[in-house]
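The following pair of complexes shares a single chain, subunit A, combined with subunit B in the former and subunit C in the latter.
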Partner chain A sequence: MTRYIFRRLLMIVPVLVGVTFIVFSLTYISPGDPARMILPQDATDADISHMRHLMGLDEPFLLQYVHFLFGFKSPSEDASFSYKGLLALDLGRSYVSNRPVFKTILERFPNTALLAILALILSVILSIPAGIISATHQYSVSDMVVSILSLLGLSMPAFWLGMILIWIFSVKLRIFPSLANPANLKSLVLPVITLATMNTAVQARMTRSSMLEVIRQDYIRTARAKGLDEKKVIRKHALNNALIPVVTVIGLQVGQLLVGAVLTETVFSYPGIGTIMVDAIQRKDTPQILASVVFVAIIFALVNLIVDIVYAFIDPRIKAQYESMSKARSNGAARKGT
Partner chain B sequence: MDEQLLSIQNLTTQYLTDESVIHAVNGINLHLAKGGSLGLVGESGAGKTTTAYSIMGLLPKLTGKITQGKILFEGKDLTRLPEDEMRKIRGNEISMIFQDPMTSLNPILTVGDQIAEVLEIHGTADTHAALAKAGDMLEMVGIPRDRMHEYPHQFSGGMKQRVIIAIALACNPKLLIADEPTTALDVTIQAQVLRMIRDLKVKLDTSLILISHNLGVVAQVCENVAIMYAGRIVEYGPLREVFSRPLHPYTEGLLNSIPRIEVDKDRLSPIRGMMPDPSTMPHGCIFKPRCPYAAAACGTRAPHITEISGRSVMCLMHEGVIPNTMGTGGHHA
Partner chain C sequence: MEKKLRTPHATRPSARKSAKQKTAFQEFWRRFKKNRLAVAGFVIVVIYILMAIFADLFFSYDFITENQISNAFAPPLTTAEIDLNNGATAQHLYILGADNFGRDILGRIIHGARVSMVIGFTTIAFAGIVGSALGAIAGYYGGKIESVIMRGTDILLAIPNILFALAIVAALGPSFQNLLLAIGITSIPAFVRLMRASVLTLKNQEFIEAARALGARDFRIIVRHIMPNCMAPIIVQATLGIAQSILSATSLSFLGLGIQPPSPEWGNMLSDARSYISYAPHTLLFPGLAIMTVILAYNLIGDGLRDALDPKLKR
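Now for the complex of A and B:
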C-alpha cells in the first residue's frame, strides 16, 4: 500500500510538468504586455523594452519556461524581478501588489479551505441520507421530493443562487451580511449554502442511483435471507457498497471546492483562491496567474490521490489490485536484477 | 407417518405489475417430513423460485403477494407471521442457498464476517464466539479456517458456493432451500457441491428442498420429487417411482429430453412449444398446448389432483375423463 501511494505521488510529477507547460504557453501567447502594464502611461518604447529585458520577457519562449521552472536572475540591481523558480516554490512577486505570489496564495488558501470544508460537510450531511431515503422508498412522496429538490439544486447556477440569497437574506431580511469574510462565521452562511447546493444535488442523485443498483444485488437478498432487519441490511450491506461511486463524485467536488469556487467567492467578495485568480487574470498579473493555476493543479492531484487511497479502504478488491500491482512490479524488477 | 415439517396448502403467489397480474404459483400443495428431501423440478419460469421466496418471505415487497393458501412450518402459518417473527425464522430455522454464488456474497466484507453475521443475528453466539464458529463452518465445507479473513473475490465460484452453504447451515436450520445451487458452477464442481449438500443434510439432520431444472441433480439427492409446470405441481411422488413410471405427460417429456446411458436412442425428444405466458393462462389443462396426448376435453376442463397409491398427478387421463394412453407417445409420436 505504501509503495502504491509513493508511486501515485511520483505520477503527479509528469502531470504537473504538463499542466505547467500548458499554463505557461497560454499565458505567453495571451495578449497584453506585463511590462507596459507596470510602467506609467507615458513610458517610451525604449523604457518598455528595457523593462522587458529586466523582467526577462525578451528571452525566447523555451528559455522563459526554463526560468519559470528553475529561477530567473534579473539583470537589474533591484531584486524584485528575480525569482528562484517553481521548484523552489518561488515565482517572484505580483506585478500588482509586489508581494511574493505564493505567499498571497498560502495566506488565502485557508479561507478557501474553510469555505470548502463547511460546504462539504453540509452537503454530505444532507445528500447521503436524502439519497438513501429516496432509494429505499422508491416512488414514494419523499423520493419525489428529493428528486425534485435535487433537480432544482442542479439547475441553479452558483452566481444566480448567490445573488438571490443576498437579495433575500441581506437586502430584504437583513439576517446575513452580503460580504463574506472568514473572521465572521455568520457571513459564511450564504456562501456555504450557495456552494453546497449544487454539490448536495449531485451527491443525492448519485447516492440514490447507486443505492438503487446495490439493493437489487444478490448479496442484499442473501443478507435478508439471513434474517437481518431491513435497516441493518441497508446500513451494513448496501450503504458501503453504494458509497463507492459517491466517493468519486465527492472527491471531484472537493477538488473543485478547494481550488476556490470562483463564482461564489466573487459574488460574496470572499478573499479566497478564486478571487485571487480572477483579479490576477483581469490585471494580466502573470506570476500570480501561473502560481495560482499550478497551485490548483497540485491540490487537485493530491485530492485525487486521497480519493484513490480512500477507495482502497472501502473496497478490498481495489486494495488487492493495488497490492498485486506493486507486487508484480517488484517481482519484475527482481527478475531484471538477476 | 412421519411428522410434517412443512406443509404448503393451496399456495397462490402473484406478481402485480402495472399492466398485468403474473400468476407465478397457482394453488400448489406440498408436504415435507422432518428430515425429508424434496426436489422441485421444472423449466425456467415454472414458479420454483417464487415458491421458495414465498416460504422465506422474501417476495419483492411492492409487487409480490401471496393471495391464497397457507405455508405451515411446524404448525405456524408463515404467510400470517409478522415480519419480525419471520426474521427470527429466516436464516435460523429456514435457510436458503441461492443460484449465483458469484454475486451472492457481499464483496466488501470478509467471508468470516459474513458467516459470523448470521450467528450474531440469531443470538447463537457473541462476536468472538461467532467468528470461531464461522471458522468451524468453513472447515466443515472444506475451506481452511485461516481463509476466513479473506474477501469473496479471493475465492473461486465453487468455494463461494461453499461459503454460502456455510452461511445457510451456520444456525443449524430445520429446513434448507437450495435454489439451483449448482447451475452456475462448472460440471466438475457441481458434483462436489451436491455431495456436500447431501452429506451435510444427513449430518445436521436438516430437511431439504432442492430446486433445479435438472432431473439428474435432483436424482442424486432427493427422496421425493415434485414436477412444477406453469405454477402448478403436475406430478408428485417418490423419486424412483416418478422416474421409472411417470404419470404426467410433462414428466414423461422431461425424462425423454435427457440422455440416458442405458437406453439406446438416436435422438432425444424435446418437449415441443413453450410454457404459457403466466399473465394469460390457457383454459382447461395448462399443459394441453404442448401435450402429445391432448384430447378435446383437455381444452375445457382443468384437471384436479388425482391420488394414485401415494403419488399425485394432475391429468385428465388419470381422472378417467380421457383414455389413458401414457407410454404410447401420443399422437406426436
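Now for the complex of A and C:
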C-alpha cells in the first residue's frame, strides 16, 4: 500500500511539470507585451527594451520557464520585479492592483473551497438516495421523475440556472440575496444549488445504473433466496458494491466543482478564485492569470491524487489488483534482466 | 489459385454483402427506434440543424445585429415599428421579444444555432479525427510512441476542460478561431483513450493477423480493419462531446471570452441578459432554453446510441 501511494505521488510530478509548462507556454505566446503594458503610452522603444530586461522577458524561453518555477532576481533596484517562483508561491505582483498575485489567490481560495464543499455535500445527500430509489423501483413514477430531473440537470448550463434562480428567489420572491458572499450563509444557498445541480444529476444517474447492474447479480439473488429482508439486501449487499463506481465519479467531480465555480461565482459576484481569474483575463493581468490558472490546475491534480489514494483504501479490489500487478511487473523486470 | 478461393463468394458477392450490412444497420435502427426519447432528441437536433442552415431565410443577419433602441426589451408577442436601412419603417412582430438593444431574440437564437452547431461539429470532428488517430497509433504500436502519447493525454486531462479552454482563449485572445481551437484541443483526450482501449482489445485478434499475413500495411490495417470495429464507442463519445462543446462555447461566451457581441451567440445573449434579470426576464429565459434543449437532445441521442450499439444488450 505504501508503495502504491509512493508511486502515485511520483506520477504526479511529470503531470504537474507538464501542466505548468503548458500554461506557461500559453502566456508566453500570448500577443500582449507585459513590458509595454506597465509602461506609460509614450514610452520609447529603448524604455520598453530596458523594462523587458528588468522583468527578465529578454531571456530565452526555457530560462524564463525556470525562472517561473524557481524565482527570478531582477537587475533592477525595484524589488517588485523580482519573485521567488511558483515553488515558493510567489509569481510577482498584479499589474492592476500591484499586490502579490498569490496573496489574493490564497485569500480568496477558502471561499471557493467552501462553495465547492457545500455543493458536494448537497449533491451527495440528494443524488445517492434518488439513484437508489430510482433503481429499486425501476419504471415507477419516482424512477421517471428522477430520470427526467437528472437529464434536465445534466443539460442545464449552470450559469443560466443560477440566473433563473436569482430571478425566482431574489427578484420575485425576495427570499435570498442575488449577490453572494461567504460571510452570509443565507446568500450561499442559491450558488450552492447552482453548483450542485450538474453533479447531483451525474451522480444520480451513476448510482442508478450501478445499482441496477448490482441488483441483477447472483449474490443478490442468493441473499433474497436466503429469505433476507429486502431492505437488508439493498442496504447491506447491494449498496456497498454499487457505491464503488459512484465514489470514483464523486471523486472526479470534486475537481470539476472547483472549476465549475468559475461560472457560478461570476453569476453571483462571489469573491472566489473564479472571479479573480475572469477579472484578470478581462484586464489582461498576465501574472494574475498565470498564477490563478496554475493554482487551480495544481489543486485539481492534488484533489484527484487524494481521491485516488482514498479510493484504494475503500475498494479492496484495487489494492489486490495493484499488488498482483506490481508482482507481475517485478517478475517481468527480473526476466528482462536475465 | 486466387480465383479458386473466391469462387464460393463469386456467385453474388455484392448482394450478400449489402444484405448483411443492411441487417446490421436495421438491427441498430430497430433498437434505437424503440427508445422514444432518443428519437425525440434526434428530431430536435434535426430541427436545430435546419434552423442553422436556413437561418437567413427567417431573419437577415443585418436585421438581428442592428440596434432598434426604441424597441428595447419589447416583451414577447408584441408588434412594434422598426427602422429599415432605407429610412422607411415597418411593423415587426417580436415573437420572443426584444433584447436590450431592441434586437429580435428569436432571430438571434436562430442565428445563434448556426454558431453553436458549427462549433459543436467542427471541434468534435477535429478532436475525433486527431484523438482517434493518436489513440490508434498508441494502441497499435505500443512502446515509446504509446508512452509519449498517453503521458501527453494524462497532462491534458490533468487540466480541467473549461480552465484549459479559458487559458488558451486568455492567451490568444477571444475570437471564433481561438474558441474552436481551445474547445477542440480539450476534447481530444477522451477520444485518444477510447480508441487506444478498443485497439488494444482488437489488435491481437485473428482477422488482424490474417490481414497482416496477407501483406497489408499498418496504415491499411488500422484504417480498414481496426477502426471500423472501434466505431461504436467513438460515435457515442462524439455525440456527447458535441453537447459538451456547445456547453463550453456558451460558457466561454458568457464570460466574455468567446463569440463577441454583436454576433449572436446564446452565451453572450445570456451575458447581456444578466444585467436585466429583474427588468426583462424574457431576455434571459429563451436563450437558456435554446441551450438546454439542444444539449438535452444530444444527451438523449448519446444515451440511445449507447444502448443501441452496446453488444452486451444484444438479445
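One rule holds in what follows: the second predicted complex is superposed on the first by the 319 of 338 C-alpha atoms of A that agree within 3 Å, B and C clash if a C-alpha of one lies under 4 Å from a C-alpha of the other, contacts with A are read in each partner's own complex, and residues count from 1 in each chain.
Everything below uses one rule, namely that a residue touches a chain if its C-beta (ideal position, glycine included) is under 8 Å from a C-beta of that chain, and two chains touch if they have at least 3 such contacts.
Note that the coordinates shown come from a computational prediction; the quantities given were computed from them, not determined experimentally.
Colleague: Determine, for the superposed arrangement built on subunit A, whether subunit B and subunit C clash or fit.
Modeller: By the criteria stated at the top, subunit C and subunit B fit after superposition, with no clash.
Colleague: Per the contact definition in the header, classify A:Ser82: touching subunit B only (first), subunit C only (second), both, or neither.
Modeller: Neither partner.
Colleague: So, A:Thr112: does it touch subunit B (first), subunit C (second), both, or neither?
Modeller: neither
Colleague: Report for A:Val171: first if it touches subunit B alone, second if subunit C alone, otherwise both or neither.
Modeller: The answer is second: A:Val171 touches subunit C but not subunit B.
Colleague: Return first, second, both or neither, reflecting whether A:Val19 touches subunit B, subunit C, both chains, or no partner chain.
Modeller: Only subunit C; A:Val19 stays clear of subunit B.
Colleague: I'd like to know which partner A:Ile314 touches here: subunit B for first, subunit C for second, both or neither.
Modeller: Touch status of A:Ile314: first partner only.
Colleague: More subunit A residues touched by subunit B or by subunit C?
Modeller: The partner with more contacted residues on subunit A is C.
Colleague: Check whether A:Lys226 is in contact with subunit B, with subunit C, with both or with neither, and answer first, second, both or neither.
Modeller: first
Colleague: Of the two partner chains, subunit B (first) and subunit C (second), which one does A:Gln217 touch, if any: first, second, both, or neither?
Modeller: Touch status of A:Gln217: first partner only.
Colleague: What's the minimum Cα gap, in whole angstrom, linking subunit B and subunit C in the superposed view?
Modeller: Scanning every C-alpha pair, the shortest subunit B to subunit C distance is 13 Å.
Colleague: Touching subunit B and also subunit C: which subunit A residues?
Modeller: In subunit A, no position sits in both the subunit B and subunit C interfaces.
Colleague: Name, in rising order, each residue of subunit B that touches subunit A in their complex.
Modeller: Listed in rising order, the residues of subunit B that touch subunit A are 56, 58, 84, 87-92, 95-96, 98, 100, 103-110, 117-118, 121-122, 151, 153-154, 164, 167.
Colleague: How about subunit A: which of its residues touch subunit B in the complex?
Modeller: 217-219, 221-229, 236-237, 240-241, 314-317, 320
Colleague: Which residues of subunit A touch subunit C once you look at their complex with the stated criterion?
Modeller: So the residues of subunit A in touch with subunit C come to 14-16, 18-19, 22-23, 26-27, 29-31, 151-152, 154-157, 159-160, 163-164, 166-167, 171, 178, 255-256, 258-260, 262-263, 266-267, 277-278, 281-282, 289, 293, 296-297, 300-301, 304.
Colleague: Quick one: which bits of subunit C touch subunit A in the complex? Just the residue numbers, please.
Modeller: The touching residues are 151-152, 154-155, 158-164, 166-173, 243, 247, 250-251, 254-257, 267, 270, 273-274, 277-278, 281, 284-285, 287-288, 291-293, 295-296, 299-300.
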